[in-house]
Amino acid sequence: MYHFDQSVIAPFAQQYLDASEDEIKDRFQQLLITEIDQRLEHNIWGITTGQRIAYQLQRLAHQADIVLDLHTGPISSKHLYCPEYAKASAEYFDIEHTIFIQNGFDGAMDEATFCPWWSLQEAYQDLGRNFTMGEGAFKKESFTVELGSQEQIDLDVAKQDALGILSYLQSQGVIDNKQYQPQKMTRYACYLQDYKALYSPMGGMVDYLGEFGKPLAAGEPLARILRMDNYGDGEALHYVSLEQEVIPILHFASASVNQGTELYKVFCNYFEL
Amino acid sequence: MYHFDQSVIAPFAQQYLDASEDEIKDRFQQLLITEIDQRLEHNIWGITTGQRIAYQLQRLAHQADIVLDLHTGPISSKHLYCPEYAKASAEYFDIEHTIFIQNGFDGAMDEATFCPWWSLQEAYQDLGRNFTMGEGAFKKESFTVELGSQEQIDLDVAKQDALGILSYLQSQGVIDNKQYQPQKMTRYACYLQDYKALYSPMGGMVDYLGEFGKPLAAGEPLARILRMDNYGDGEALHYVSLEQEVIPILHFASASVNQGTELYKVFCNYFEL
Amino acid sequence: MYHFDQSVIAPFAQQYLDASEDEIKDRFQQLLITEIDQRLEHNIWGITTGQRIAYQLQRLAHQADIVLDLHTGPISSKHLYCPEYAKASAEYFDIEHTIFIQNGFDGAMDEATFCPWWSLQEAYQDLGRNFTMGEGAFKKESFTVELGSQEQIDLDVAKQDALGILSYLQSQGVIDNKQYQPQKMTRYACYLQDYKALYSPMGGMVDYLGEFGKPLAAGEPLARILRMDNYGDGEALHYVSLEQEVIPILHFASASVNQGTELYKVFCNYFEL
Amino acid sequence: MYHFDQSVIAPFAQQYLDASEDEIKDRFQQLLITEIDQRLEHNIWGITTGQRIAYQLQRLAHQADIVLDLHTGPISSKHLYCPEYAKASAEYFDIEHTIFIQNGFDGAMDEATFCPWWSLQEAYQDLGRNFTMGEGAFKKESFTVELGSQEQIDLDVAKQDALGILSYLQSQGVIDNKQYQPQKMTRYACYLQDYKALYSPMGGMVDYLGEFGKPLAAGEPLARILRMDNYGDGEALHYVSLEQEVIPILHFASASVNQGTELYKVFCNYFEL
């Protein structure tokens, strides 16, 4: 529900082609905030409840250089959504799985924060002026930090999560305390288009077999689905597998699913960071 | 959730530029069905529950020349969604309010049915071959027939609704019984972009004042919102009005709303048929 | 979820057999409040969310001589729950239908307020000391005032409701303004055991035929149930009627019901006030 | 929602004081079924959806000598509800925690099955004729078998559960296969009144600390509640403990609770079987 209007980018770059970095930063940030204000305040037909909340959050986000959108999922391992240009930052969080996002807006908060700047950097490039994303006026980083299962609170784990965030903030110079360093771990990543959902081919009771974070070979069962109504006169057990190696990242919160319920989300074509 | 892939249209028109109308009709219908089958059957990752239902309905719809998608709304008057080229047909239903849709796909069943054919007719036109939408191979009509409030069953009204549908089917030659004729009534219409939703500017208890089907002058109150928490120290009553004349068509089902709840849907810039 | 412990009544009457009315009133009220406090505060295992709310409301109610519990129902006419001894008060509200409650506790707020005092009056009677409910120390009145359909706000009707309540408060000397007088109307009443729910004998789509407040003769249809699945090969319409004359008071909020959904609540064996 | 009418017991015992065991068994079972039939079929006002389902299940249960009501709970260890007279049978299930029920009806399926017979046995005893519950005409056993967390399917665990049920059925002579024997394990039990729910003293995010099946000493924390709104200006962490030793059996399914949410259910005053 977040807002991004690609059409304002090129005219801005044209207008401020020779402006200083400071001016670009100030004016473009102001443009983004003004666009949100227009939608929030100047609309006699009103906006939906969800859009209002999204725009209010986005208005806050546009005022920051670093945006961390802290999430939890249904039943989930930890994972990080990271814009590709900020790849180096992913290693400061204590999170084993990273999803790299390229410059495409699909409605999420993190994208709504970095896509305008990334598009602006590209627009300048088209006009012959080169900036580097993540530096100078373009020092904008935004991550969605998925901190695991939504119905489980474990304060010891929460402390580890906090330390990982401090480690990232230390790397960015937000805080200055060298004790916050990332843990050593094998970090896997894949691109957003390779972070795929598997929808249940049938309704039933699901025994989730794929373990989070553990590579699962092609053809190995990810889940088995028990169909009580097939007992006696059919196949009561159905095994679900994929034709490629994947890493399971999260699964649905209930054992009872319909045909079409999102069963698992997995990393395909993954690689080590 | 319905499917429409604009990119298949132009190549089809090119390939079958000189084909007979019968061949065009058969082959294009087959193409549409095949596209749905691809999505339904040949997808190892599966599809969501809702998409499966949508595709199954759409597969049925593609096999018909006339598609009537019967709906009810929250608390609602009757209204008809009608593609602009089928304007003449709108007068056979006993429905006082018609919304004309131009050739643009926004995900609805009716659009998913007529947009491919309309786009095909335009593609042929671009290539110099002229067909008329609603005639010959392009005799495809699809309507969403909104039959009023969803929580109210009145079998006497239902019978009138059925007679209106028979009147339309008689006009199309589906049945042959002259006794089914449309009622005389003033029919109002507006274009889809003028059928607008008004979202509540605040939470509260709503007294819906705008009557369905009755033109409401600019500035007249459409609703008043009671805010219990403002009693004593503020404005407990807030009047909601618009700056133009409208016809109220439906409103939200509950008197209790949040900021951003869809309060009313109304016709703007309406005209008589 | 409200609280009433019959076992404390007789010992209290015994202990304060010869106490003054003022002392009885003070001490018994204190006893009731203390009982609630015990449940609210002195329970290491805690209480459910609903019980806590109920006890907090009841604690307030025990401190008042007049308790009005304002309600709305699904789709409903106005009706009043009234303890039998306060029959005369029912005619001050502008409500056409009254349900008389005898001295029996079934968990409702109004009963939780008057049953202890009514039981106390009876306990004194058993011991030979006669008080009259509704007078002196026993001047406690509690009503559930059902103000109609829950999803409909009409501020003009709300004003009439307020005037009726003022008329009652004027009759009790809470306010002193003779302009608040009850409207003239035919008032019907029945006893609580004759205020009966009718549960749907089958699932289907319901056409509610019984009009609120209008006596319906025995055998006349109260509702007809449409069963789409029976079209063609069975009885698609099922009429529901009762073997006695009733007055329909409220019905279920949706036209779509299951077998066993509460269809209607009606007055049986009703009489004029 | 199940049915039990104590008032039919004594008259039956009187009427069939000298009947044979076979006649008692047949006639009493018939009486129980007839009572259910009366409620299911002979009620012009109908019954609620839930009551109909309960009565239909109970009608089935009354025709059996052994009734196993298989349940799962929110997030839960396995436990068994067992009538006290069938204590010996509890050791055949592979379930470590048993709750003994005395002869009191509180609405559950298991009680609805055995209470009528147990009450009948007592009624005969009062009349001087002694039967033993669990033997002869009174060989009726009914258990609620709680098989763990409702949102978790593990087919390997399910197989163990099935073996435990077979072990019980073998002990009762329903099947004849000595390979089904109970596992050796320490079995704990408590009485129903000592199986207690702890309701949350406040809303917040819960870190569940008490481990299922592990005795927790008095004063040790069962849970800690995180109150985000108290960060900075109050106690953000609240520890919940009890003043006696308990065994945690199940807890609420979500980490987010309100004041009054059922946090845990625990065994108090437990003992080894």
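A, B, C and D are the chain letters, set down in written order, and residue numbers restart from 1 in every chain.
Convention: a contact is a pair of C-beta atoms (placed from the backbone, for glycine too) under 8 Å apart; a residue touches a chain by one contact, two chains touch by 3 or more.
Remember, predicted model here, so these are calculated numbers, not experimental data.
Chains that touch both subunit A and subunit D are absent from this assembly. Between subunit A and subunit B, two chains of identical sequence, the interface residue sets overlap for the most part, with shared numbers making up over half of the total. Of all chains, the one whose CA centroid is most distant from that of subunit D is B.
Subunit A and subunit B have Cα centroids separated by 36 Å. For the pair subunit A and subunit C, the distance between mean C-alpha positions equals 54 Å. In subunit A, no residue reaches two or more other chains under the touch definition. Contacting chain pairs in the structure are A-B, A-D, B-C, C-D.
The touching residues of subunit D, counted against subunit A in their complex, run 150-155, 205-207, 224, 226, 237, 253-256. Of all the residues in subunit A, the ones that touch subunit B in their complex are 44-52, 196-201, 242-243, 258-263.
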